[in-house]
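Think of it as A, B, C and D in the order they're written, each chain with its own count starting at 1.
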Amino acid sequence: MSHNTFGHLFRVTTWGESHGPSLGCVVDGCPPGLRFTQAEIQAWMDKRKPGQSRFVTQRREEDFVKVLSGVMLDEDGTTMISTGTPISMLIENTDQRSKDYGEIARRYRPGHADYTYDLKYGIRDYRGGGRSSARETAARVAAGAIARKVVPGVTVRGALIQIGKHKINRNNWDWAQVDQNPFFAPDPEIVHVWEEYLDGIRKSGSSVGAVVEVIAEGVPAGLGAPIYGKLDQDIASLLMSINAVKGVEIGNGFGAAELSGEENADEMRMGNDGKPLFLSNHAGGILGGISTGQPVIARFAIKPTSSILTERQSIDADGNNVEVRTKGRHDPCVGIRAVPIGEAMVACAIADHFLRHRGQTGQSI
Amino acid sequence: MSHNTFGHLFRVTTWGESHGPSLGCVVDGCPPGLRFTQAEIQAWMDKRKPGQSRFVTQRREEDFVKVLSGVMLDEDGTTMISTGTPISMLIENTDQRSKDYGEIARRYRPGHADYTYDLKYGIRDYRGGGRSSARETAARVAAGAIARKVVPGVTVRGALIQIGKHKINRNNWDWAQVDQNPFFAPDPEIVHVWEEYLDGIRKSGSSVGAVVEVIAEGVPAGLGAPIYGKLDQDIASLLMSINAVKGVEIGNGFGAAELSGEENADEMRMGNDGKPLFLSNHAGGILGGISTGQPVIARFAIKPTSSILTERQSIDADGNNVEVRTKGRHDPCVGIRAVPIGEAMVACAIADHFLRHRGQTGQSI
Amino acid sequence: MSHNTFGHLFRVTTWGESHGPSLGCVVDGCPPGLRFTQAEIQAWMDKRKPGQSRFVTQRREEDFVKVLSGVMLDEDGTTMISTGTPISMLIENTDQRSKDYGEIARRYRPGHADYTYDLKYGIRDYRGGGRSSARETAARVAAGAIARKVVPGVTVRGALIQIGKHKINRNNWDWAQVDQNPFFAPDPEIVHVWEEYLDGIRKSGSSVGAVVEVIAEGVPAGLGAPIYGKLDQDIASLLMSINAVKGVEIGNGFGAAELSGEENADEMRMGNDGKPLFLSNHAGGILGGISTGQPVIARFAIKPTSSILTERQSIDADGNNVEVRTKGRHDPCVGIRAVPIGEAMVACAIADHFLRHRGQTGQSI
Amino acid sequence: MSHNTFGHLFRVTTWGESHGPSLGCVVDGCPPGLRFTQAEIQAWMDKRKPGQSRFVTQRREEDFVKVLSGVMLDEDGTTMISTGTPISMLIENTDQRSKDYGEIARRYRPGHADYTYDLKYGIRDYRGGGRSSARETAARVAAGAIARKVVPGVTVRGALIQIGKHKINRNNWDWAQVDQNPFFAPDPEIVHVWEEYLDGIRKSGSSVGAVVEVIAEGVPAGLGAPIYGKLDQDIASLLMSINAVKGVEIGNGFGAAELSGEENADEMRMGNDGKPLFLSNHAGGILGGISTGQPVIARFAIKPTSSILTERQSIDADGNNVEVRTKGRHDPCVGIRAVPIGEAMVACAIADHFLRHRGQTGQSI
């Protein structure tokens, strides 16, 4: 992983800031012959799109993805077919409001990258976080839409499982609920708790952190590598590459530290269908860095949005003590919109390892 | 990160299995003119070496590192000076006992990579976990010893902070204690708790997980990148590349999910010395993927050793239901020896980003 | 070098085909603080632009480069300053005429990649060569315009030195001539010879090959690496990555095969200014893969345009014998427009190695 | 290509200098299940080994390759089977004579990398060229021996076609001759010419350049990529990475510059067997960067050995004018031993692209 490119055979390069004319990505190494429509890509974009409820930023972006290269149109005139050459996708920024940021041009917002950008580059686009803005994640979701097509039969789904201290009840988990509420919550009982809680957060100009879980089903066994380039490692790397993410877990994650070997290791039996069967999935579908064929399970923690209305102590670029309040249109819980982004990252990692595995071993599914 | 090489400018390639004649690594891109001795490298190796207490595997390895290339001897005849060309290091395996493994040659040990190796490669070195063996981490520690020399003034230290459900009391944290007990515990009060607890685990042939914390002090500000190639991302990737690791956190980690923006974001003030000062370090020394100059803080969770004496249900390579007990010399808590390994990984990530930062920006410290 | 990205610290990813809506590139790893204007970039684009004389394709493209990210505008409102984040550049295709290609949609044009594309991908954009079109090189020239800014004091210039069997007289070499004729010829005496010769080629619907020489002056000593990642190797790789290139030389090149060690090795003396001085430059400014401080000299051979009006024997995608004539607007000598492309590739290689060298050694100039 | 690693899926990292204890390589990404013996590897090593005739260096090295990892022994006890994990190979240096070099420790030998090493690294192993020594190529040949096993049915063979001004007669080309003379000459008539010529060179302490041609037969169609990562580009890059190489050609190479489109483009017809047939192979088996299924043809030029007995003008590390004669045991024509090295590089490039192609497209042969 270097610079702004990730992946080894399925490679994604993203570019763009929140307040330039556009942003986008180049998906390179995509297998030829994949078929997808603009509408399919757009459906994933819409899931991430801002302004869809009062719990996310009120910035309004269409997030329409223009596919500029790497595809031919099928005879139906709408289906795109990948040609094997780089797929360039572009999304225009239509609702940036630079004036919102004038006041903080030289003031370092606590929790933001303002200070470190200035130290690193000596120059900084103060408008909306520049490259670190959550706008960039639109490009990831577009890339993820392609990645989902690479491995036949894979389904990658995410859900929000915690906001602040309020966790879902896993016994209530129902995938059908996820699209029925503004939180991607799989537990219908948590929705009102979160609504009330977040309304309070939002009205006070504060923010709060969250935890997202992503589950990939239908992942073929054998993807990954024993230690470097472990499938879980590359998933962790990509999830940690998302702005504001501070922790990543696979399967039991930190909970595994508390378990004994007997409790943690998943036992096996031959199933009635003559196929190997795991009796549990503490490993999160990955053993020794290689997928087992079980669902792959990853979680990540997103810190609270650092843009808050409360006045905080900071300094400015001239070395003065200042007080900073961050106005503008921000997400009270940026973790909500991280759900489709996490899905996209997991989809990209699986696509990449599928191609790598096929390359090294000649195995396909 | 691809295959068995990590790093971008400071690149490490490791090779070797637990039961071959030797293992090692190639450290490429090392700056010329670094000075180190065999004894310095060996000191780190000794920290990781098996057989040093009853709480770790009784396998005995000297882990003597032969430096085969990339250095010249100084006139003192003992100091090695890096020449800028690849540094190859080799460690012999002297105490492998393949007979210990005969019984599990075709049986898939629960929690191990046996099953996934067979699925992926169709061939598997059943002796001691092959490439996934903790033996491989000796090469990482050797590479880390070089990495520590790259950035002047950096100190990377780790400690064990949790075994099973027993966590240290952070108020007792004392680095001087870490080398005074067999657990790398920074809290002297936890030592007896862990001893008693692990003795029970060990005698019952069981195992347990753990959590390690690594802290790097003296990391220059500006290392990293805004989103891809974040310093925390590369640290997460490397920590997750260690066998048996299932979770990684930076700074507040998963705890950040429970906090408000006010609680989580670190405020700043100009210090009395005219330098910027953070009033807290919830971010773990990294903002927007870039180091702040504060200590870099990372944690990782290690699952319990999967090799246990208790009989577990599994299958064999012929599709039969079998019961598996894993005899041999195993660590009841593999997390203990993960401390120097985690240090090495963090040191490598920092060295790599130091060179990358210097390359892109021309800044040095 | 993998897929459509090249470079290690200064990395360029290009995308786009000749007959899509646009093409472009992402320049990643660019140092912050570089200053350039649209007009400066455009000047290099104009040099490569088609339709500027009767000796090149009559396709007309403005090749206006839109810079979409990675820069801030200086207060003058026209100077762009790089921020250190990815610079995305886009060039619209405005004059594609797909109808020109209908006839050859299923016929494999001899010398083109039609046949190999079909074998590799099973799908092929038959319009104008798709990804292999010389249109793609516009993106390279845009990237090269940025690369030229990375190393202070470097000048990269190219010239055409051979068309068909007609070579320039090196004694006449005059850089001032290069922009005074439609061939980038440094020898004024060859211009009329080439005009007459190419008029004949063009009228007969044929084509011919050429040789380009690129010279980089002001390259700091020390760039490169002893064997892998030699500066000459990366230059060779990039020049060979240009469509239709079939050979690359550094310094004496193939001529070195005929020389003795005495004739080939460049002797040295201390100059009157107290600086080391080479008495010749057979090495082309690179010894052991590392720049000497002398001018870097590279040459590359471009095969004749495969699109010719003469009927040639071929087959079609259905396995029939067919005769193929390639109509459309083609370059009778595609080597002419390769001059600015070769310059761009050498500039990119030097920029990349400058950053790598600075990263590994801490040296700057 | 970065640092000392090459290849994308089939990756080779080499290490070691001429005068350290050993040198070697790590072959990573090798498919599992390849079968080879020590003797097979050794046969290729022997072809490159010094001291086999009076026309090459009289240094004597066994060049015995120890395979340290990544393989299991088959039941026959001699056949190694690759496991898919990194294959580490080590070759001991047994005949280094550092005293030969004492005199030139601080004098820059013309044509050598002494001067540029000192500029780049500020430290230099003066013993025998350090990393730039032809000793390093032993590791390449070992890697190539594995690479030859990756693509079923591929044969990679090389021959020396020119020494000084003396070229072979291509009409005499007979592969059976190549192993019958000390020059790898495919033309029996040239052997006596070269013997007499090189004896003169050798006795006078001089040296001379050469040209090698490598031909790969049985390369499946479809390997490579349209522009970046062209098969010919990666071959060019690897051949140019060999010490002393100054030029690379594919197919017609520089000769293509002199041809017309009619002469250069290879026509096609359906063969009697119903398969596509090329009527010529000017392209050297690669069109648009992708293999056609014809033999792949590459050539490279090696400069004369810079180590010569004649006194040459130079400077030393202290800035004095000096005269340098290079004693020691050197090859009068280092190009001879470049034949097996060139073969190895082409074999590695083909292996890598085979795996990449299989990964991206799912096609196998």
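Please note the rule applied: contacts are C-beta pairs under 8 Å (C-beta built on N, C-alpha and C of every residue); 3 or more make two chains touch, one makes a residue touch a chain.
From a predicted model like this one, the values you see are computed outputs, not experimental measurements.
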Fill in the blank from the handout: Chains in contact with chain A and also with chain D, listed by label, are B, C
Handout entry: Shared chain contacts [chain A and chain B, defined touch]
Key = C, D
Exercise for the section: Tally the contacting C-beta pairs at the B-C interface and at the A-C interface, and name the larger one. Expected result: A-C
Problem - Of all other chains, the one whose Cα centre sits farthest from chain B - result: C
Exercise for the section: Find the geometric centre of each of chain C and chain D from their Cα atoms only, then give the gap between the two centres in Å, rounded to an integer. Expected result: 26
Practice task
Using mean C-alpha positions as chain centres, tell me how far chain A is from chain C in Å, no decimals.
Solution key: 38
Problem - Geometric centre distance via CA averages, chain C-chain B, whole Å - result: 45
Exercise for the section: Can you tell me which residues of chain A touch two or more of the remaining chains? Expected result: 2-5, 8, 14, 29, 32, 84-85, 120-122, 130-131, 226, 357, 361
Fill in the blank from the handout: In the complex, chain C touches chain B at residues 8-9, 29-32, 84-85, 226, 355-362, 364
Handout entry: chain B to chain A touching residues, read off their complex
Key = 1-6, 8, 14, 108, 110-113, 115-117, 119-122, 129-132, 136, 162-165, 201, 206-211, 221-230, 232-234, 236-237, 240-243, 246-270, 274, 276, 279, 283-284, 286-293, 301-308, 310, 312-315, 319-321, 335, 356-357, 361, 363
Handout entry: List of chain C residues in touch with chain A within their complex
Key = 2-5, 11, 13-17, 20-24, 26, 28-29, 32-33, 66, 68-70, 72, 81-88, 90, 120-125, 130-131
